[in-house]
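You will see two complexes here that share chain A, one where it goes with chain B and one where it goes with chain C.
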Partner chain A sequence: MHISEGVLSPGVLIVGASLTAAGVAVGLRKLDHEEIPSMGILSAAFFVASLVHVPIGPSSVHLILNGLLGLMLGWKAFPAILVGLALQGLLFQFGGITTLGVNTLNMALPAVICYYLFGWGLRIGTRHLVFTVTAFACGLCAVLVSGVLVGFSLYFTGEAFLPAAKVVVAAHLPVMVIEGVLTAACVLFLRRVKSELLEGQYVPKSSS
Partner chain B sequence: MIVELAGGDSLIHRLDPRVKILEVFLFSVVVAVSTRFVVLVSALALGVCVTWLGRVPIKELLRRLVPVNMLIIFLWFFLPFTVEGEPLFSVGPLVGTHEGVSYAARISIKSNAIMVVLIVLVASTSILTLGRAMHELRVPKKIVHLFFFTYRYIHVIHREYVRLVNAMKVRGFRPGNNMHTYRTLAYLVGMLLVRSCDRAQRVHNAMLCRGFRGNLYSLSEFSLKATDMISFILMLAVILALGVLEWTKIA
Partner chain C sequence: MCRNRHRSPRGTRTRRCIIDLLLPAIWLVLCVTPAWAHKVMIFGWVEGDTVYTESKFSGGKKAKNCTVVVYDKEGNQLLEGKTDEQGEFSFKVPKKTDLKIVLKASMGHMAEWVIPADEITADGPISEERSTPDVGLQVATKEGSPSVETKTSGELPAPAAVGMSRQEVKALIDESLDRKLAPILNMLVDSLDRGPRVSEVIGGIGYIFGLVGVALYFANRRRKK
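Our next item is the complex of A and B:
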């Protein structure tokens, strides 16, 4: 969920922007010049995937997929999400310049956390069940942490936001389960079809 | 679905994109930290003037303000009741306060003022130009390149996505609340990733063949004109005035 411009307090905006800057710096250090075209194509795929609407009850939600993104990209999720959100801001006006830092942090930090928490599970989880459960937990946790971070961003802006923040977190709960299910199914699919994608091998290794 | 707004011609369209980005950035920051009514209303008024100068179609502008205002409307259900102060009205057991309504109103004005100016920027500059301007403004090269490639391939992959969705529809897929839907959509996402990975491989090889070494070159160059300097000075003056209004509490 994007936080609109003008809602958050300067303090929250500054903390968000500086943490994002740090995360992006780490991500960029791990990103080789040669990888950039492939990373861009993959970021574009995630951008398009976030347009997929999944029916839930009488309405539908759009996918976030930051858990899957984290699994595949690790720290590089920070620059990928930063660019994705910047483009969403420019193309659809979901968020703007001053909230870019906070919004990126709220989505990319859970991605990196999931990378550390669940990445190993996918690498050693040769058993089908372990693998599925890890992938499900990864999708679920990423959205949960995102929701909590959005809630805290609102709460730290002012006490008055507390009820609204609680509703935001509650609204993430059903989405979280859907994301878990979809991430699990998607990861199983990828393992069968193109397992190198899950091992961080989305970039063609060139001989040069 | 994914269409750029940029097109047309006006004074704003002809400004140097670097100047525009700086102006929008400074304006957004100053407005985002302001809290006084006068300041926010003048900022919104300035935004409307710029919209008029930039000849942005009003219908398009309003349509693009919708996503921004979703969260704002959501907050209107809470803030009037949760900010403490003098009671203004009551709905059942809930008491809306004067301070709460004023706070929510200020957030709404602030949010729209910032977004209007951003929309004018997007409406008057193509995204590729913005990318180049960011490069000139010393945004790290890797980010700019990632920005270019992501933007370049969003359209390609979106077309791929539409093709997959059409194929699903042709085979009678109807989304519903069931495991089948979730699994199918997950495979759709997975297939998108697999295809873009294959595409990345081909693009990578093609670029290596053409001698790609991590540099992008541009044939045209930006140049600062007198109008750019004047607009920048004007904008600085306005921002300064807003800042003075905010911190000295006059008017």
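Our next item is the complex of A and C:
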């Protein structure tokens, strides 16, 4: 998922960076000071998740957890993912500094999209099944959309879209399923143990 | 903080227990998995007149069927090829120049390796002006024994059989050196392959928590005002 330096054309890099800047601005605007710690924890989870290597499939891929971040944070996933990716780039040499904008966009935009697509499941999810299924779908779709976005990034640089996207999505099929399961498990766990973490996003606060 | 429990009381306790146990277990398993990650790298070295490259994803997975492009110092493309099933690709030295070998793996992964011109020895005429009589003699005598070993011990037998041209001697030395250096090269490849260290992981998490602290500090200050 991390696009290396020197692959993309400058145009794609600039567009990605500016869209990311906009996303981060929206995220920070929505940020309530009470949510800073949970955002930090999720950012750390995202940072570490990339170290979990999934040895299935044609290439080597790792967890992304952007579905979980989207579900928990909404637009605030943008700054959280930006921080995680910047540190991954600096410390692990994943991706790169010039591609930081595009990579953040590729991972955070699906998070936000999935938040709007599947957030309702958590909001009205009084039923256990609805809750679980939407969380699973959110984790799965976030990675899928990320793959498609990576395909688009490569396409705008001159690669053929379909083969590029196909390779990315195919490589991430096992990850999608794992992410879906993990997202559902995490959200279920949080609802039981720390339901107030979900309330920030899904239950209107009684006191503010 | 109200905790909404939406399910019937029956089975809740056991299910809750299972999940409470399962999640830490999952995290444990994930943490124990070796810290591998997603990066692609290429490593190249010269043996004789051939450049060998090895490409892999960090985590040890070979980068199969990936495009390798070789550029010279000025950025002109010299040749292009694909890695085989072992992630290896080799080519004859096209010309004596700095070679920039770029690996283009799928999914926007790219890596490069530069071989400086002075590492390329075989291409071009072997320099005749370089007089190396001592080495020549030593290797020539060693060549008499079946095992070619570059022992640099003190005993230097009287040079009996010389009768070898510089070229042959050079070829022998190169061959022997290549064999001797192969393990070291492999070690280098492996050391390049090191995944993120624990210190880096913990450092990253520390950075994030530090940022949280800074953000909270400013948020609190703003609230107090």
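By our rule, the second predicted complex is superposed on the first by the 170 of 208 C-alpha atoms of A that agree within 3 Å, B and C clash if a C-alpha of one lies under 4 Å from a C-alpha of the other, contacts with A are read in each partner's own complex, and residues count from 1 in each chain.
Note that a contact is a pair of C-beta atoms (placed from the backbone, for glycine too) under 8 Å apart; a residue touches a chain by one contact, two chains touch by 3 or more.
From a predicted model like this one, the values you see are computed outputs, not experimental measurements.
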State whether A:Cys138 touches chain B only (first), chain C only (second), both chains, or neither. neither
Please name the chain, chain B or chain C, that touches the greater number of residues in chain A. B
Partner chain(s) touched by A:Arg127 [first = chain B, second = chain C, both, neither]: second
Chain B versus chain C as contact partner of A:Ala160, first or second or both or neither: first
First (chain B), second (chain C), both or neither: which does A:Ser195 touch? second
Mind working out whether A:Leu51 is in touch with chain B, chain C, both or neither, as first, second, both or neither? both
Give one of first, second, both or neither to describe whether A:His62 is in contact with chain B, with chain C, with both, or with none. second
Answer with first, second, both or neither: which of chain B and chain C does A:Val150 touch in the superposed model? second
Which holds for A:Leu13: it touches chain B only (first), chain C only (second), both, or neither? first
The intersection of the chain A residues contacting chain B with those contacting chain C is 2-7, 33, 36-37, 39-40, 43-44, 47-48, 51-53, 55, 60, 83-84, 87, 91-94, 164, 167, 182, 185-186, 189, 193
In their shared complex, at which residues does chain A touch chain C? 1-8, 33, 36-37, 39-40, 43-44, 47-48, 50-53, 55, 59-62, 83-84, 87-88, 91-94, 126-128, 150, 153-154, 164, 167-168, 171, 182, 185-186, 188-189, 191-193, 195-196, 199
Chain A-facing residues of chain B, complex: 1-2, 4, 24-25, 28-29, 31-33, 64-65, 67-72, 74-75, 77-79, 82-83, 100, 103, 107, 110-115, 118-119, 122, 127, 130, 140, 142-143, 145-154, 156-158, 160-161, 175-177, 179, 181-183, 185-197, 199-201, 203-205, 207-208, 212-214
Could you pull out which chain C residues touch chain A in their complex? 1-4, 6-7, 16, 19-20, 22-23, 26, 30, 33-40, 57-59, 61, 104-112, 195-196, 200-201, 203-205, 207-209, 211-212, 215-216, 219-220, 222-223
Complex contact set, residues of chain A against chain B: 2-7, 10, 13, 24, 28, 31, 33-34, 36-45, 47-49, 51-57, 60, 63, 65, 68, 79-80, 82-84, 86-87, 89-94, 96-98, 158-164, 167, 178, 181-186, 189-190, 193-194, 197, 202-204, 206, 208
